[in-house]
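Before anything else, here is the set of structures, which you'll find just below.
Here chain A shows up in two complexes: once beside chain B, once beside chain C.
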Partner chain A sequence: MVDQLYAAVKARGTEGMAGIWTDEHQLIKAAHRLREAGFVKFDAITPFPLHEIDEAIGIPRSYIPWVTFVFGFVGLAFGLWFTWWTSAYNWPIIVGGKPMWSLPAFIPVVFECVILFAALSSVGALIFSAGLPKVDPPVIDPDLTSHKFALFVPHNDKGYDEAKIQQIFQDLGADEIKRTEF
Partner chain B sequence: MIKRTPLVLGKKTYQDVTNDICGLVEKVPGPKYFASLISVKALFVFYLVVMGVIVAKGMGLMGVNSPIGWGTDIITFVFWIGIGHAGTLISAVLFLFRQKWRTSIARTAEAMTVFAVMTAGLFPILHTGRPWLAFWLLPYPNQRGPLWVNFRSPLVWDVFAVSTYATVSLVFWYIGMIPDLATIRDRAKNKWRKRIYGALSLGWRGTGRNWNHYEMVYMLLAALSTPLVLSVHSIVSFDFAVSIIPGWHTTIFPPYFVAGAIFSGFAMVVTLMVIVRALVPEFKNYVTIGHMEAMNKIIMATGLMVGYAYGSEKFIAWYSGAPYEQYVFMNRAIGPYAWSYWLMVVCNVVIPQLFWLKSVRTSIPLMFVISIFVNIGMWFERYVIVVTSLHRDFLPSSWGMFYMTFWDFGALIGSFGMFLFLFLLYIRTLPAISISEVKPVLNVGHEGGDKHG
Partner chain C sequence: MAADVENLKPPGPLKISSQMKTTFAVLMFLGFVAFALALVNDGARAWHGYLTAFFFFVSLALGGLFFAAMQHMTNAGWSVNVRRLAESFAAFMPYAFVGAIALLIGAPKLYSWLDPQVVATDYLVAHKAPYLNQGFLWVRTLFFFGGWLLFAHVLVGRSVDQDKSGDEKLTTSLVPWSIAFVMFFALSYSFFSVDALMSLEPHWFSTIFGVYTFGGLFQSSVAFLILLIVFLQRQGLVTGFITADHLHDLGKFLFAFTVFWAYIAFSQYMLIWYANIPEETLFFVPRSEGPWVWVSLALILFKFVVPFFALLPRWAKRHPAHLSAVSVLILVMQYVDLHWLVFPNFDSSQVVFGLYEIFIFLGFLGLFLFSVTSFLSRHPIVPLKDPRQQESMHHHVVY
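Moving on, here comes the complex of A and B:
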């Protein structure tokens, strides 16, 4: 039962070729070469963000700021609507002689709604775009979250040719090249 | 060319950083750590007993009375919320200003924020006297009308501000930790360690596309936390400033509270870092004297801002020509609570000026003592604001005095037990230094030498 459940939720990988480096600069050169060779689906696995890699692989700027922007507005609209609906429409009560719709006094709560919606939606977008949570995803090498850097080309990439990929990895001094699942 | 100060000492490689920081989670801590943990745990248990008795018997046990309706609970709430602010300042504001030295203290400062807000949040609930009805603070559909909360009240603003702050700080802290939790997962030999940290890391893999989104979200959270942190203590100050009590009804309160919060928070970071460096010597290569000195400079600068606010308050009280306002400020300085006022001035304005001297800024024992003085001074600042303003207002027939009881002291001292217990647990169970943020700054100050990695 537990085993079946685990098998159902476990993250499945894709077959492909991986090259592993200890020098991140060589990895960036190799990424440039892979891109020149016409590969588009490959990715780098690094223990910390490498800024040159976005350009080398051709990763576009993240779309998440748009999510933040839109949900910030949703928070604003929700905050304004909720304070109005509760205080001026659903059960209006005069407090301190102020108008039912006392906008200046509602600003702090509306502001907090904007921040809360924007922050949580950004995190939600990150979790969605990174495909998290993943249960036991395949790991190429446990050191890739510590001090090693890898490039992985999935088998379904355009013009996938193991010999060609191996040649590129070898030319740039990969410490290890293997067929693996990721 | 001006030489840059190294941010990490000991010529570490990437692997050394992983080993050092993950090692803290993997190894069984020494007797010094357990002794500290058990003593703060004892204080925490004492706190639980004190709170239990106060809830069971009632608020009459504490010193609050008429006219001093706000006492230790509110003072200590503002104190702890203020402490939390330095964590967000280090993790978010210094991040936006590209201050690379923040990397090795950011995680611990954020943890401090989360635990300080948790500690703070209990006090207003205790202060209500009927904590089992605390859910009345939230707007929820009910059968009394429905009677909604009063959104014109600063106390409701405070509920929204503090709960948003707690949520966003917690999320920011956790998102920052995900790649490091994945590092611990990948190193784990033990089955349960692999499962627990694997679940906590959400299966993070660190691909280029992941990092691209991750860094963007980290920056967005920093950009959202910055106005948030300023709003939180401003709103806490509205609890006072929106009332009509002389001494509270002033427009300087929001910036004054925010400066004071940053001041007290940095003092608490210095206090904690000195303790951590003593308990966990591995930290010394990452949290260097340079980091401590930078924080001491911020303490000195914000101490001057707080001093300016004290002076400005006095000036405006005189300049206003309002007799009640003038009386409150005279009463603070020479009335029955003059001792607390001058204690506050000495601790917050005079003593931090010693940090002008480089030898004081870089001396661990001296900065520890000064940071404790600042913590005491900032608690007394809130004591002065709450107690002296309430104890004498418009009608001399309704003047009174505030006497703290055993239960007031118990709740105040006990809250440190809760805070330190959570903090000490964190320091050895979660990656206490941001591994993935320290690695890119290893080369700073070591340029021209051997390449790392």
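Moving on, here comes the complex of A and C:
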């Protein structure tokens, strides 16, 4: 039962080539070289953020800010409609001699709705775009969380050629090159 | 990139062209003439215009000093290369001291509570007389401006000293001074706002008022800092020292304090609107009807909504021309905000704004630019011997 469940949720990896370095500068050079060679789907796995890596791999800007922006507006519309529906339409009660539809009093509620929708949708979009949750994903090398750096080219990348990738990794002094799953 | 940074030529002091000098002198002269003419024709209007422009530039000077103090307090490394520019605003402080004495002389034209007849007949004003009286006003104002002058002398003076000696102890010694300044600033600027702006209508009170004026102070100071940086970048003086990454972080400050100002402005409005007490609503009544309502709406739109969306995207905060345009808008709206606080007290039936106000403002602008640029011509633009300076050279903003 547990085994079946595990098999059902276990994250499946992609076949590909990985190069491992202990010097992150070599990794960044290799990333540039891979891009020049026309690869687009490869990724870097590093134990800490590298400032230049975004540009080296050519990661486009994340779409998450747009999710935040759009859902902020959705929250705004929902907050306006909901305060109107509860206080002025469905169950109108006079409070403090103010009109039923008293926008200044509702702004804090609307504001909180904007924040709530924007924040929750951002977290949701992050989880979705990162492909989480990943149960027991394949590991290229356990040391990639402490002192090693890897580049991984999946087999379905444009112009995938193992010999060519091996050559690039070797030229830039990779400590280890292997066929693996990630 | 790292190697290039080491080989950069240090930016020397700013060279002021004779054209700039002439411009500042002409602005100051025009401002002085406009103020003198206004005094002769309509004394009350002249002093209201003076107060608006004076408060605007005192806030900029204090905002620069506050920005520098904040960097010392938080031991910030990224901001070292822009800190000297913020410090340069404080060069206006000695002139502000003189300006404050002038304001005290003109005060009877502005504040009805200085009129003994009003105090004798108005119960509420008489009740506030222990605070709102001539003697205490002079003592407070001189104490605040004297304190700001002292802190400007220490905070900026030690930073400049470090350029010569390179003594790292100066950096650590500035932390307690900065903390002391920020505490003094929080109280003194609130009281100064109450004295200078809130007491124009002595019946009115709002406990959030000091926070409101602070929001405008920080928003406008960052806007001015950005304009100064873009100007120096165009001169080619800070290439490699102040980059798009520094602008990006200042753009974030500008965005954050645009939201902060709106948040505080709305908090003030909503609580007064909700409680509906005459002593409180009398501030918003003249600003919600007649021609002033358009100014109120313009404030919401151009001091919050437009800058909010204009600063939202990442590129907007890294694009010098775009960021400058938004900064100019915010500085204009900061003036409108102060005008909106001051002038309904002079005449609530119409929006009084004309050549007098424009030229008095331009006169102050000339004086402020003169004091800032002459400070930058005497000292290096970047504090090169700050121990955290390398951190600022390699400042990199990912998001």
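Keep in mind that, in the parts below, the second predicted complex is superposed on the first by the 182 of 182 C-alpha atoms of A that agree within 3 Å, B and C clash if a C-alpha of one lies under 4 Å from a C-alpha of the other, contacts with A are read in each partner's own complex, and residues count from 1 in each chain.
As a convention for this text, a contact is a pair of C-beta atoms (placed from the backbone, for glycine too) under 8 Å apart; a residue touches a chain by one contact, two chains touch by 3 or more.
All values derive from a computational prediction rather than experimental measurement.
For the composite obtained by overlaying on chain A, chain B and chain C cannot both be accommodated without a clash. Counting the residues of chain A touched by each of chain B and chain C gives the higher count for B. Once the two complexes are overlaid on the shared chain, A:37 sits clear of chain B and of chain C alike. Legend: residue contacts after superposition of the two complexes on their common chain; A:147 is shown touching chain B, with no touch to chain C.
Touch criterion not met for A:77: it reaches neither chain B nor chain C.
In the superposition on chain A, A:49 makes contact with both chain B and chain C. In the superposition on chain A, contact of A:136 is made with chain B only, not with chain C. Using the contact criterion defined above for the overlaid structures, shared-chain residue A:122 touches chain B, although it does not reach chain C. Of the two partner chains placed around the shared chain by superposition, chain B is the only one that A:11 touches, whereas chain C remains out of contact.
Of the two partner chains, both chain B and chain C are touched by A:96.
Among the listed stretches 204-212, 258-266, 276-284 or 330-338 of chain C, only 204-212 clashes with chain B once the two complexes are superposed.
Comparing the two complexes, residues 49, 54, 61, 65, 96, 98, 105, 108 of chain A contact chain B in one case and chain C in the other. Every residue of chain C that touches chain A in the complex is listed here, in rising order: 266, 269-270, 273-274, 276, 312, 314, 396, 398.
Here chain B touches chain A in the complex through residues 13-15, 18, 139, 145-154, 156-157, 160-161, 164, 167-168, 171-172, 175, 179, 182-183, 185-187, 198, 202-217, 220-221, 224-225, 227-228, 231, 235, 238, 435-437, 439-440, 453, going by the rule given at the top. Residues of chain A touching chain B in their complex: 11, 22-24, 43-50, 53-54, 57, 59, 61-62, 64-65, 68, 82-83, 86-87, 90-91, 93, 95-96, 98, 102, 105-106, 108-109, 111-113, 115-116, 118-120, 122-123, 125-127, 129-130, 132-137, 139, 142-147.
Of all residues in chain A, only 49, 51, 54, 61, 65, 69, 96-98, 104-105, 107-108 touch chain C in the complex they form.
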